[in-house]
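Okay, so chain A shows up in both of these, paired with chain B first and chain C after.
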Partner chain A sequence: MKRRMRKILEKITEGILFSSSTVTSLAVLLIILFLFREGLGIFTSTSVDRNNVLAVHSLNPVNELTTQQIGGIFNRDILYWDEVGGTHDSIILFTINEIGNYYNEEELGTDFEFLPQKIDELISHQPNMIAYFPNLYLAGNFHGKVLPHNKIGISEFFAGKSWYPTSEPAAQFGILTLILGTLWVTLGAILIALPIGLVTAIYIGEVAHPRMRSFFKPLIELLAGIPSVVYGFFGLVIIVPMIQKTFNLAVGETALAGSIVLAIMALPVIITIAEDAIRTTPVSLREASLALGASHWQTIIRVILPYSRSGIIAAFILGIGRAIGETMAVLMVTGNAAMIPTTFLEPVRTIPATIAAELGEAPYGGTHFKALFALGIILFIITFAFNTMVEFIRPRKSK
Partner chain B sequence: MKKTIFLLTIISLALPTLLNAQKVVFKIKGSDTCLPLSQMEAETYMKKFPGSSITVTGGGSGVGISSLLSGTTDIAQSSRKIKMDEKLKMQDAGKAFKETIFAYDALAVIVHPSNKVSQLTREQLESIFTGSITNWKEVGGEDLKIIVYSRETSSGTYEFFKEHVLNKKNFAPSALLMPATGAIVQSVSQTRGAIGYVGLAYLESTVKALNVSYDKGVTYVAPSVGTAQNKTYPVSRPLYYYFLTASEKQVKPYLDYVLSAEGQQIVMDVGFVPVPK
Partner chain C sequence: MPEYKVETQNFNLFYGDFQALKDINFHAEPNTITAFIGPSGCGKSTLLRVFNRMNDLIDGVKVTGKAFIDNMEVNDRSIRVDELRKQVGMVFQKPNPFPKSIFENVAFGLRVNGISDRHFIEERVVESIRKAALWDEVKDKLKKSAMELSGGQQQRLCIARTLAVEPSLILMDEPASALDPISTGKIEDLIFELKKSYTIIIVTHNMQQAGRVSDYTAFFYLGALIEWDKTIKIFTNPTNIQTQHYVTGKFG
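So, the complex of A and B:
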């Protein structure tokens, strides 16, 4: 009887363990599925909002405009139709808010019931006008030419250099600057964290007196527990003005500031894991080296470091993998200007910062929303690649 | 005896309802610009009518309006007018809504206190923020690179500035986008060539506010509650409350309070501009 009870209890425990791990895995899969479903939707979206139309006069030779051209026209960088394949006439812009300049309220009707006819009339009278208005007001017998909505192309998305996600009428989703900005800041963080992390790991793992070690190790682990927003604030108030003064810059919010903050944040992970790798070097190897007459330093450089190489590399990749997705700290110190970086002393905009700053106000399910999820996919792929690399490097250690 | 008990019960049931006619329970969500103001209004309202519970949260104008649509808030506070596509979505969902302007906000253009420039025209501001003027000497200052600070693209303040000062042109790609108004004040105060824009309520002595001209340099006006109220200061905007017509009864006492003389005094105290009577 007792055995039976125990058996049932074990079965129940097993069931709970099984279902909890299944639920966790399912949740992870669902999150990834959701991420991809929302993000890939960007390529079926249009840069001009679907509820609005762009229309020109029926005799205008222009039949199609790219997102860049629409952006250029409404930003008044493009002033003449011949720049986009039309006649040499200056472009007249019209958006729905300007209807008051052409017709008075009486003509439009109390409930704007005559608005569609009036827009139609206006465009028929203005051969050089490009009009942007809600398709709600598109007259049934519209005499102008409605330009087709272009889907956002893959090359436009990945190679585009302008990020104006809320620009009207044509939002511009070019993420090249964001990807480069992220990689640039990460590269800087690696360059800073690599030497410092390695030296500290060797010191704590090999050189330090046990008493020093028991003092340093918890201190470094404590660094990992500081909230990232505190690092960000520290960066904004201390590091940014420091960089500004040191390099005599006009502005201190730079990629370098982001790299320094990220490096500090990645260091606890790097040091802890690298130090573990160093300390797991078998005593037999160590003693063999010393027995052959090698000094302590020679043993560290010739025996211990080569032996724990894969563990050290894994430490760096994990540290950087954690840092690359860091949002708040970077958001506060890098300046977030969407430009392609050429030096470390320029502001950059990273993917996580963009998502954090913009997702809150992007209309749910809209093109901007999907573009941010697509950025999330890219970030996911980058960190996934980093973590997979660790999986490939680690097995070498067991040989 | 029975009658008296009956009457007493009626009275005791009706009394709280009579006393607490203005007791309300609801949520306000949306624009971060409106946040300090709505919080202060809600706090004083709750003190005045104990038992009321008003929860105020930020997140941005867009968040507020989409929450109104999804039913997770009762009032959406917004620093911009509801957009056409948001209006269409509300219509699709069959939700009629109303709007109330409860205050005005003026945007001040700020520079580093050491900057010699103290006034700019709208055209100059447009050129600076779109990136065609990049040095202070082009607008009468010293030979110093201009560093443009802006709010993030999704903020209502960003859109208002773009529409009313930049003539709907895009900000220069080199503009530094800051996640919060406080960060702009902080950065402008520690960067010599900086220029940025913040709500009047955020103006501090660590930065210098510029006088702005909208008539090509004939008159320059300093940003203040007074100049925004008499409409001589041009860069000002209304702040809106949006609510569903169905829940009008529930939120009306609060709206009436905000628009009352007492409520508008709070608007002044927090640094915004009252609605003209």
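So, the complex of A and C:
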């Protein structure tokens, strides 16, 4: 009887374990699926809001405009139609809130019931006008030419240099600046963290007295546990002013500040894993080298580092992989200007910082929302690639 | 003072509070093979490691008394330990080639000594591999990884690596204990051959091996050198009852 009870209990435990692990794995898969479903929607969205239209005179030779051209026209960067393939006439802009400049309230009707006709009339009389207005006011017998809504293209998304997700009439979702910003900050972090991390790992793993080691190692592991916002705060209060002063800049929020903060954050991971790799070098190899008359440093450089090379590389990839996805600290210190940086002393904007800063303001399901999810996909792919690389580089444990 | 290759005088060694070697007085003449035998933990490996100061790697080791190589005191302040280790080669219990090519394994000792002349290195590597009786087996694959060799080949490679630095004394810490009988036989032949140019001290658990290869045998027990004489004497007519029990297999 007792045995039977135990068997049933074991079965139940087994069932709980099975279902919990299944649920967890499924949840992870669903999250990834959700990320991709939302993010890929960006390529079926249009840069001009679907509830609005862009219209020109019916005889205007221009049949369609790219997102950038629209942006240029409404920013007054483009002033003449011939710049976008039309006649040599200056472009007249019209948006719906300028209707009062052309017609008085009586003409439009008390409930704006004549508005569609008036817009139609306005465009018919102005061959050089481009009008941007809600769908709602498009007259049934519109005489002008409605420009088609362009879908956001892959090259426009990846190679576009302008990130103006909320600009009207055409939002611009070029993520090149964000990708480059992320890469710059990451590259800087690697350049800083690589020498420091390696030297520290060698010191702790090989050179330091065991008593020093037992002091340093927990201290560095402790660094990994500090919330990233604290690092960001430290960066904002200490590093940013320091950079501003040292390089005599107008603002200290630069790629360099982000790189330094990220390097500090990646160091605990890098040092801990690299030092573990260094210490896995078999004593027999160390002794063989020393017994041949090699000095301690020759042994480190010629035997220990080559032996632990793959572990050290894995340490750096993991550290940097963590740094790439890091959000808060970077958001606080990099200045977040969506420009392509040419030096480390300019503000940059990274992918995670963009998502964090803008998701709250992006309307659910809108184009901006989808664009941010697409950024999430890119981040996911980058970190996934890094982690996969580690799987291949890191020495197998079973050996 | 007589010309001994290796000598200790009233040598004591402590790991912290534990005394691992007790008042050792020992010497070995040039071009002889001495076998250190005794049960595990008797101090024979520790004494071996005194001569190339490998005990330096362990924290809390203290020594009193004197140990000499060619009348030089090994623990003297003026001795540079890496110079000492070039004179005193060591072969370990388990073959421990570097995860490098066969060639680079043998060239390692030369390179860390600052030799960069390629012709010189090449000649010395080939010569060392020949001396270690490994040449015929590896001559076509010097660029291959040393890890691809068999255990016995690896151990001979380690001996070649040691020979390349041209030591005068070679310490062997159970060099054949991890090998099969055929490989062991090859190593023993090699050791016997090397006697012509080197002084060798070999630690072994294998009585037959000690009997086969060595000129002298020293029996250690609990950190003390119990008896030390010509090998034939130790194995046929030992003075000490403990030695007799050990070599006849009554304990150990």
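Please note the rule applied: the second predicted complex is superposed on the first by the 394 of 399 C-alpha atoms of A that agree within 3 Å, B and C clash if a C-alpha of one lies under 4 Å from a C-alpha of the other, contacts with A are read in each partner's own complex, and residues count from 1 in each chain.
Definition applied: a residue touches a chain if its C-beta (ideal position, glycine included) is under 8 Å from a C-beta of that chain, and two chains touch if they have at least 3 such contacts.
Remember, predicted model here, so these are calculated numbers, not experimental data.
Enquirer: Would you mind checking which one, chain B or chain C, touches more residues on chain A?
Expert: Larger number of chain A residues touched: B.
Enquirer: When the two structures are overlaid on chain A, which partner does A:210 contact: first (chain B), second (chain C), both, or neither?
Expert: Only chain C; A:210 stays clear of chain B.
Enquirer: Quick one: is A:362 in contact with chain B, with chain C, with both, or with neither? Answer first, second, both or neither.
Expert: In the superposed model, A:362 contacts chain B only, not chain C.
Enquirer: After superposition on the shared chain, which partner residues are touched by A:166: those of chain B (first), chain C (second), both, or neither?
Expert: A:166 sits against chain B, while chain C stays out of touch.
Enquirer: Figure out whether A:270 sits in contact with chain B (first) or chain C (second), or with both, or with neither.
Expert: In the superposition, A:270 touches no partner, neither chain B nor chain C.
Enquirer: For A:295, is the partner it touches chain B (first), chain C (second), both, or none of the two (neither)?
Expert: In the superposition, A:295 contacts chain C only.
Enquirer: Which partner chains sit in contact with A:51 here, chain B, chain C, both or neither? Use first/second/both/neither.
Expert: Only chain B; A:51 stays clear of chain C.
Enquirer: Looking at the overlay, does A:74 come into contact with chain B only (first), chain C only (second), both, or neither?
Expert: first
Enquirer: Taking the two structures together, which residues of chain A meet both chain B and chain C?
Expert: none
Enquirer: In the complex, go through chain A and note every residue touching chain C.
Expert: Going through chain A, the ones touching chain C are 210, 282, 284-295, 298, 302-303, 306-307.
Enquirer: Sort out for me which residues of chain C touch chain A in the complex.
Expert: 52, 54, 57, 59, 82-83, 85-86, 89-90, 92, 94, 96-100, 108-109, 111-113, 158, 161-162, 165
Enquirer: Which positions of chain B touch chain A when the two form their complex?
Expert: Touching chain A: residues 59-63, 66, 70, 84-86, 88, 144-145, 147, 152-155, 158-159, 168-170, 173-179, 183, 186-187, 190-194 of chain B.
Enquirer: Flag every residue of chain A that touches chain B in the complex, lowest number first.
Expert: 49, 51-52, 71, 74-76, 96, 134, 136, 162-168, 177, 236-237, 240-241, 244, 250-253, 331-332, 335-339, 347, 349, 356-358, 360-364, 366, 368
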